[in-house]
Amino acid sequence: MKFGILVNEGPYQHQSSDSAYMFTKAALENGHEIYRVFFYHDGVNNGTRLTVPPQDDRHIVNRWTELGKEHNLDLVVCIAAAQRRGLLDENEAKRQGKDANNIAEGFRISGLGQLIEAGIQSDRLVVFGD
Amino acid sequence: MTENVTKKFLYVNRKAPYGTIYALESLEVVLIGAAFEQDVSVAFIDDGVYQLKKDQSTDGIGMKNFSPTYNALGDYEVTQIYVDKESLDERGLTADDLMNLVYEDEDDDYAEKSSISIVNRDELAKLMEQQDVVLSF
Amino acid sequence: MTLHTVNKSPFDRNSLESCLRLARPGHSVLLFEDGIYGALKGTRFEQLVTEAVKSNSIYVLLPDLEARGMRADKVIDGIKTVDYAGFVNLAAENTRVQAWL
Amino acid sequence: MTLHTVNKSPFDRNSLESCLRLARPGHSVLLFEDGIYGALKGTRFEQLVTEAVKSNSIYVLLPDLEARGMRADKVIDGIKTVDYAGFVNLAAENTRVQAWL
Amino acid sequence: MTENVTKKFLYVNRKAPYGTIYALESLEVVLIGAAFEQDVSVAFIDDGVYQLKKDQSTDGIGMKNFSPTYNALGDYEVTQIYVDKESLDERGLTADDLMNLVYEDEDDDYAEKSSISIVNRDELAKLMEQQDVVLSF
Amino acid sequence: MKFGILVNEGPYQHQSSDSAYMFTKAALENGHEIYRVFFYHDGVNNGTRLTVPPQDDRHIVNRWTELGKEHNLDLVVCIAAAQRRGLLDENEAKRQGKDANNIAEGFRISGLGQLIEAGIQSDRLVVFGD
């Protein structure tokens, strides 16, 4: 079965990102497919490569990147939400005249249409938020 | 962009405007989603009903008043807007307190009709059960 | 004396009820952000707040009220409206500010 | 059939009550994250949830329960515990998943 | 670092652990604050009382179990921990459900004493009213 | 009177940062002093220079920077909270081996002790959060 995942909160502040990760991992382990993980609202902050969590804690961003690499996941950060919150890739930084970008490996920035598309193409859409 | 599938999408709004951004960013999803020609409904439940309160005026808080954007829903052919009656009741609100959201009915000589249906618990529960995709904000 | 601040809707969170349970008589309570919904007539919480007005000074932040399409005439009798400068004054006049997050 | 998910404490938020009001008989409800507090015996919400068990299948996520120092024997009779794989199964078995955020 | 002022600090915890980070990051403030030799109290109210539940085990959720850190409070001379009785009651919890937080009383031959006081509404309200600074999480 | 301000939430997602700004501004306009504004939890995200909000919306980060410049405000981002969430200045980026930083002008990164100090030195500490 094909799942779409929506993550509405950033890393560490709320458990939503942890729960979404555990759900996604369990779905993959049980033979399901993940059509897309879409990061919206503060969820876009899951896609920054600048986090340095304490060494005895989980690394939420790297965990997504690694799961993504292993299973060829489509990790999509909403562009409108990302602009409000300061999450940029190289192209966006250039386009907005910013001197740095902070997107993590394995994430890509795209429009809200990708969320609707995930709703259409997935058998189930599961939402994690506050 | 996508296969030719039509699904029933429901957007569920349970949060008040301005205190958090969910109401605004939910509306942005609904507007973008309208381009995908799905069967779209929007529900306002609990504090979500406050999103439709008329006379919003945000000058004093320095935030953008996005409530006029709800008026655009009709033009985007988002015409099925459901408001939970119990949520209105416990807040002391009636239909008169809400913005008058309308659309032009193509099948009825473009007559202007209200997009808002005030529904009871049973009607709302049934509506939810008919959906393919439920997006919660 | 304490200024208590409540910024969440009483329908969504328990912070207003918790605040009113633990605020002492004579304390002030400011309702702001989504907390303004607790100041309104006709809601399920009207009685709780009307009761509180008898022993506490209750204030509501007018800019937050107006943002949400409400006006001062919708506010429960005895609740006073303030602007941000009034919020600052309340914080200064009281000995401490306690936020009910 | 719908799988409803509730991730907040019923003491803090109204999402469990709202979910149980609008879930139809036969629907499933999963309590996870801070939502697990709604699954416990002895709380102010026990009666509400015990009543719901009669018409709905209620589940609680065991890892979230254990994280918070609770065990399966503290859970209201009739509520079933699941792990993340069980959560995935519930999402797959039902026609749709509705999150009560 | 600062002038030689001693103030009464109260940390108010009203949120459950793990669902959000407030409990953990509040504890980090309390521990750092202990170095400032202020008069420190910590209150647990509403879902905050769940922070002190014993037997927390986070292996299944992949998050760090930070509950053992509360045991360090005594060593940091944070010995005034107040738990709201009404909050325990409506959750069906008693003192036995909580971690046994203790400190060694210098003034009593280093006898081990409990840091936790379970207080009623009136005691808690009075405690709050005695503070100079109230930090809420 | 001297106020200390604590901001617990990031920009845009919650009104906390807006309310804290309006309060701070009103306090200054009414002749009060701001000892420090401390950004904790997701509040650290108020200090990123990479946001690009819609043109018809307020620019929360720039607004803090400008108010700070005008009144010589001490805008302090908590280092531990910032590390978890990916908010770095040049020194921190170097120290952590990161290839970019994202702190905005007028903010500085420091320890939690600065919050306690604000509690000690201010006449009133006012907390804005979720």
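Letters A, B, C, D, E and F name the chains as they come in the text, with residue numbers starting at 1 for each one.
Just so we're on the same page, a contact is a pair of C-beta atoms (placed from the backbone, for glycine too) under 8 Å apart; a residue touches a chain by one contact, two chains touch by 3 or more.
Source: prediction; values computed, not measured.
**Student:** By label order, what chains touch subunit A and subunit B together?
**Tutor:** Correct list: D, F.
**Student:** Starting at subunit B, find the fewest moves between touching chains needed to arrive at subunit E.
**Tutor:** Between subunit B and subunit E, the shortest chain-hopping route counts 2.
**Student:** Compared with subunit C, which chain's mean CA position is the farthest off?
**Tutor:** A
**Student:** Comparing centres built from CA atoms, which chain ends up most distant from subunit D?
**Tutor:** Farthest chain from subunit D, going by C-alpha centroids: F.
**Student:** More contacting C-beta pairs: C-E or C-F?
**Tutor:** When the contacts at C-F and C-E are counted, C-F has more.
**Student:** Using Cα averages as centroids, what's the distance between subunit C and subunit D in whole Å?
**Tutor:** Computed value for the inter-centroid distance: 33 Å.
**Student:** Find the geometric centre of each of subunit A and subunit D from their Cα atoms only, then give the gap between the two centres in Å, rounded to an integer.
**Tutor:** Result: the chain centres lie 26 Å from each other.
**Student:** If you average the CA atoms of subunit B and of subunit D, how far apart do the two points sit, in angstrom?
**Tutor:** The separation of the two C-alpha centroids amounts to 27 Å.
**Student:** Rounded to the nearest whole Å, what is the centre-to-centre distance of subunit A and subunit C, using the mean of the C-alpha atoms as each centre?
**Tutor:** About 38 Å, centre to centre.
**Student:** Listing for subunit D: what residues touch at least two other chains?
**Tutor:** If we look for residues of subunit D contacting two or more partner chains, we find 7, 11-12, 14, 33-34, 63, 83, 96-97, 99, 101.
**Student:** Touching two or more other chains, which residues of subunit E qualify?
**Tutor:** Within subunit E, residues 15, 18-22, 46, 61, 63, 132-134, 136-137 contact more than one other chain.
**Student:** Taking each residue of subunit A in turn, which ones touch at least two of the other chains?
**Tutor:** Counting only residues that touch two or more other chains, subunit A contributes 8, 12-13, 15, 22, 41, 54, 57, 80, 125, 127, 129.
**Student:** Once you've mapped the touching chain pairs, tell me: line, ring, star, complete or other?
**Tutor:** other
**Student:** Under the stated touch criterion, can you name all the chain pairs that qualify?
**Tutor:** Pairs satisfying the touch definition: A-B, A-D, A-E, A-F, B-C, B-D, B-F, C-D, C-E, C-F, D-E, E-F.
**Student:** Along subunit F, where are the residues that touch subunit C in the complex?
**Tutor:** Per the touch definition, subunit F meets subunit C at residues 1, 3, 8, 15-16, 19, 22-23, 25-27, 29-30, 32, 123-130.
**Student:** Could you list, by residue number, the parts of subunit D that touch subunit E in their complex?
**Tutor:** 7-9, 11-12, 33-34, 37, 40-44, 46, 62-64, 66-71, 83
**Student:** Where on subunit A is subunit F touching in the complex?
**Tutor:** Contact set of subunit A toward subunit F: 10-13, 41-42, 45, 48-54, 57, 61, 80, 83-88, 93, 96, 98, 100-102.
**Student:** Sort out for me which residues of subunit C touch subunit F in the complex.
**Tutor:** 5, 7, 32-34, 63, 83-85, 87-89, 91-92, 96-97, 99, 101
**Student:** Taking the complex as given, what residues does subunit E use to touch subunit D?
**Tutor:** Residues of subunit E touching subunit D: 15-20, 46-47, 50, 53-61, 63, 65, 67, 90-93, 97.
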